[in-house]
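Pasting the structures in now, so scroll down.
There are two complexes below, and they share subunit A, which is joined by subunit B in the first and by subunit C in the second.
Showing the complex of A and B:
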């Protein structure tokens, strides 16, 4: 019945194959080859790339670092974003002004802002250290110490993406019905209890949505690291995608970087699926 | 449980803005059932929110048992309110929902448990106490909302803001019965806001009819039905609405020209737009020449009754007859209305005739 429907679906399916399926299949094939700058081409070396990857400590370290960065920054973004959204949710003076102000970081280009932040963090020329010294805190080696460099990356990430959380959570707050809040007032609940028993449960679904979008985006963290620290000092701020970039685009080990990408894709898909399920179980109470 | 007095109460949403609620004076006795009836936007929800403390009136005072509560916050007024949309705390079980007002007030756990169990037993929620409240149907959620009000022993009044609107018709009937039983059992003052006259007439002992922010009439269902103070009440209460026909003064009688409908005019009758009104229930088909003759243009079936639409002089008069009437569409009929059933309205307000 309605065989002609396939004719109408065909253009869409063709585009889908061209832009998603083909690159994926090609990457899989490339990952079983030793394609590099000396021997470009699709030879067959079996699972050699994957065996090498298994031994590659730098790759796994980058993955663990990325996990830490992602979880930490997204948690901070969620907390800060929620707090800001709660702040401008109700009637306060200049509410519109603040709503726009909070969104500015999100609208800037990550690379450009990373350049500006690199200047801010600059140990001798940047403004941050003099400011710290002025208020009695010692100057810090922001980009040359492993711990501080990691902190710098996190600060930029949080600065740039908290507005996104803010925007989504504010939209969520504004869409909440008013009656539960009235009921809580009548039942005698204070502000903290109202937040925990009324606001937070009702924000469960949108929170999970916002957190997942940010987790997916943050797990691809690359341009901030590239501009701010280039993964350094050493490999202290190297993330997975930045490491894959080094192997693929700098060392031109196309075959090996393909295997890295695929492994990364699988790890991320599995991890994010599990996280999504856990978050939904934890935060969404709307299910009946 | 309290007597509620609204003293010279009025509200405007902004200084200088027109009244959303025009100045009024009302007393609701302890344990009574009241209904605020009126079309959407007539100010009934404004009045309810003022009583519950969600809104502070711009003028006048609210007294509970003689105590001025106008400035008190909702939480300390001991009011329970059931909203149009069932409100449950979705992360909690039915039992936790019922106990929430007590938890907020820091009641001891044993007392909360006892109260929740008692209320759940009364409302028939006992078997589902440990279920997540979010999984319930709308009518059960509404019962949980009500239960949250009942769980406090010192609750002054229960305010019901169109609580039956989203409930299925059959369950609506059950819920109304439960409300009535609760009122009789606990002697709680209950105020029902509704735009459904059937709901108001069957639930309340006294009905406050509102229109355009003004209390038009307050009285028992019978009073509203028999002696509507304004044309609006006559039209709003009763199904079908009251019939109104243009009238004029002729010598010492107010008559509807072209009919035998007439009422003795009072001594000093001010100038104005006169109308004679009568209920479709009070008119009868008359085999002989009656008060008014017209042509049947429509017949509505209403179970044991029929409502006839009779066209007379570009007006449609409705008559309720019990059983099946012999009249057919297109047929000329004659109707009679007892004189004591006729109401005269001058510029929309009923004239009090002797």
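Showing the complex of A and C:
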């Protein structure tokens, strides 16, 4: 009787298959081939790429490094973003100016900004070390020491994406009802108690959303590493996405990089699902 | 068939020369930025006589400016002269390989003309058209040196159209080396005379003595050496330059990267390890951040007067010799340092050389080719022949950012650099003498031009980077590289890699 409805759904379904399912299915198929520079095409090699991946220490090290970078940068972004949002939430002088100013880093192109930051961090020619020395701090090996290079990547990431957190959290703050705050004031709660007992719980849902979006984005960290450090020194800043890029685009191991990508996709999907559940339980437990 | 081709070639050449001779009288091509047209089959006049109206030529090349800018410039000129429509696609270096390879592998005829790194010939050779005999006989191609003709050839066929010549050599501040005060300082600190480094040990010693001191008197500290040390930024070439004299024994034939017979990687043999140890040790004499210098950093560090010595391609030298450079005519060139001890893999011992062993490294070099599947091969080869004609090349050589470097006999004439570029005689002479020494040198090393060269070099760079950062010792790092190379060879197939590598060994052992 309602068979016509399928006809109307068909265009949408076809588009969905074309743009989402086909690339994914094709990637799965490629991952079971040895397609590379000397062996083009979709031959069948079974699970060889996955067996090789299992023993690829550099891939797993990159994944661990990425996990650290993601958790650390997103935590910092959330903390700073929340602080900035609270700062311009209430009536302060030049509130609109600050709201726009805080969004500027997010509106710049990541690759271009990474080039700018690379110049800033340049130990011979960049401005950062002379500034540090002018205020009595020794010049630092920003891009040639493993720890500092990791810190440099984190600084750029936090600088670029804190505004995103700021934007979402400010939107959340502006949508909060006034009544709970009035009640807290009547009950004599101070600013810290009000924040911990009223603001933070009410911001739980939007916080989870903002954190998850940023976790997903940060887990694809690639441009900053590519421009700033090329994964070095050594492999100190190599992330999973950058490693897959090297294997796929530089080494042209299309089959192997497909298996790396799929494994990465599965690991991230599982991890983010678990993180999402934990965050919801932790931050919005009263509403579930 | 061959007779027919040769006859056709001769007719093409003769007619082109006749046409160009006549046309040259009538036309003034200096409006294209050249000094004067040089008669020949590829000259402005000859190309002007062709009509490709209604046809389209698709070119893929590197991003502007290096090679990308001259590609676009000569495409525009070619379009104007012939009436063809020329589309030029510029691609960043990191994407260039796959942007060329994927259409090849999937059977698409995306591009007629391709500009790429010459060491990728091991990957691309099956998809390229042989340069027709007629084009191999034009005057511009005839004067290409044997070294660069060899680089352009694969299994005896010329597949790359030569339009650039690259090699690594040493650059140093001649004003410091000639300064009596600096000579006395060096003597005091080391007990020997200050000379242009003949070995990499000497290079490191000179770099250490003049590191972190203001030897040019500008109030800012100067440093000993600038080298390309950043992984994935052509660092592998710098490393191989340092390794070559220790690992390339003049009396041991049959492979530098692999033993051609067994296809066992040689990258973790003692000569390679010694080279890496010295590469790591030199980090102490680099400027701040020098341990993560890419090619651009190296160019600006030496070319800008920050460092005493450097070694890589022409760029830093050309930068130093720019008209507005503060160190113009204060630099000189020399062949790469050598080694007094060379690993002999046949005997398994170090051999001592009274005169340091040198191993000139002919590395990288941009190249061009025509796709075998192109439907416009005639027009494509005409474009390349025009791109690299004598008049265009002499103009391109004068613009450092173009990335076109000497590769013809005529390019090794110091008078050209003195008259056209205003270089001092000493600078021009050391430069051309160095290039000639490399070009005609014995015991040359060439890039590993085999299928999957990107993977081999990526693995090598990652291993070297581990040693540089202290994650592993030189031996451990190179053992790891050797294990990876074995795995890569196994995956590709030993015979396939050996067959390709034989082309490289043939160049080195001739």
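FYI, the second predicted complex is superposed on the first by the 284 of 288 C-alpha atoms of A that agree within 3 Å, B and C clash if a C-alpha of one lies under 4 Å from a C-alpha of the other, contacts with A are read in each partner's own complex, and residues count from 1 in each chain.
As a convention for this text, a contact is a pair of C-beta atoms (placed from the backbone, for glycine too) under 8 Å apart; a residue touches a chain by one contact, two chains touch by 3 or more.
Owing to the predicted nature of the structure, the values given are computational and were not obtained by experimental measurement.
Participant: Put subunit B and subunit C onto subunit A via the superposition and say whether they clash or fit.
Facilitator: fit
Participant: Please indicate which partner A:208 is in contact with in the superposed arrangement: first for subunit B, second for subunit C, both, or neither.
Facilitator: neither
Participant: Please indicate which partner A:177 is in contact with in the superposed arrangement: first for subunit B, second for subunit C, both, or neither.
Facilitator: A:177: touches subunit B, not subunit C.
Participant: Using the touch definition from the top, say if A:53 reaches subunit B (first), subunit C (second), both or neither.
Facilitator: Neither subunit B nor subunit C is touched by A:53.
Participant: Tell me the contact category for A:141 with respect to subunit B and subunit C: first, second, both or neither.
Facilitator: Only subunit C; A:141 stays clear of subunit B.
Participant: After the superposition on A, what does A:225 contact: first (subunit B), second (subunit C), both or neither?
Facilitator: neither
Participant: Applying the document's definition of touch, where does A:260 land relative to subunit B and subunit C: first, second, both, or neither?
Facilitator: neither
Participant: Quick check for you: in the superposed arrangement, does A:188 touch first (subunit B), second (subunit C), both or neither?
Facilitator: first
Participant: Taking the superposition as given, does A:252 touch the first partner, subunit B, the second, subunit C, both, or neither?
Facilitator: So A:252 only meets subunit C here.
Participant: Determine, for the superposed model, which of the two partners subunit B and subunit C contacts more residues of subunit A.
Facilitator: Comparing subunit B with subunit C, the partner touching more subunit A residues is C.
Participant: Between subunit B and subunit C, what minimal C-alpha to C-alpha distance in angstrom results from the superposition?
Facilitator: 49
Participant: Considering only the contact definition stated at the top, list the common interface residues of subunit A for subunit B and subunit C.
Facilitator: None.
Participant: If you look only at subunit A, which of its residues touch subunit C in the complex?
Facilitator: These residues of subunit A touch subunit C: 34, 36-41, 58, 122-126, 129, 139, 141-144, 146, 149, 226, 229-236, 246, 249-253.
Participant: Using the touch definition from the top, list the residues of subunit B that touch subunit A in their complex.
Facilitator: 52, 54, 73-76, 79-81, 83-85, 87, 89-92, 100-101, 104-105, 132, 134-135, 145, 148
Participant: If you look only at subunit A, which of its residues touch subunit B in the complex?
Facilitator: Residue positions touching the partner: 177, 179-180, 182-190, 193, 197-198, 200-202, 204, 285-288.
Participant: Quick check: in the complex, which residue numbers of subunit C touch subunit A?
Facilitator: 94-95, 97-98, 101, 105-106, 123, 230-233, 287-292, 294, 297, 300-301, 306, 451-452, 454-455, 458, 462, 465-466, 468-471, 491-493, 496
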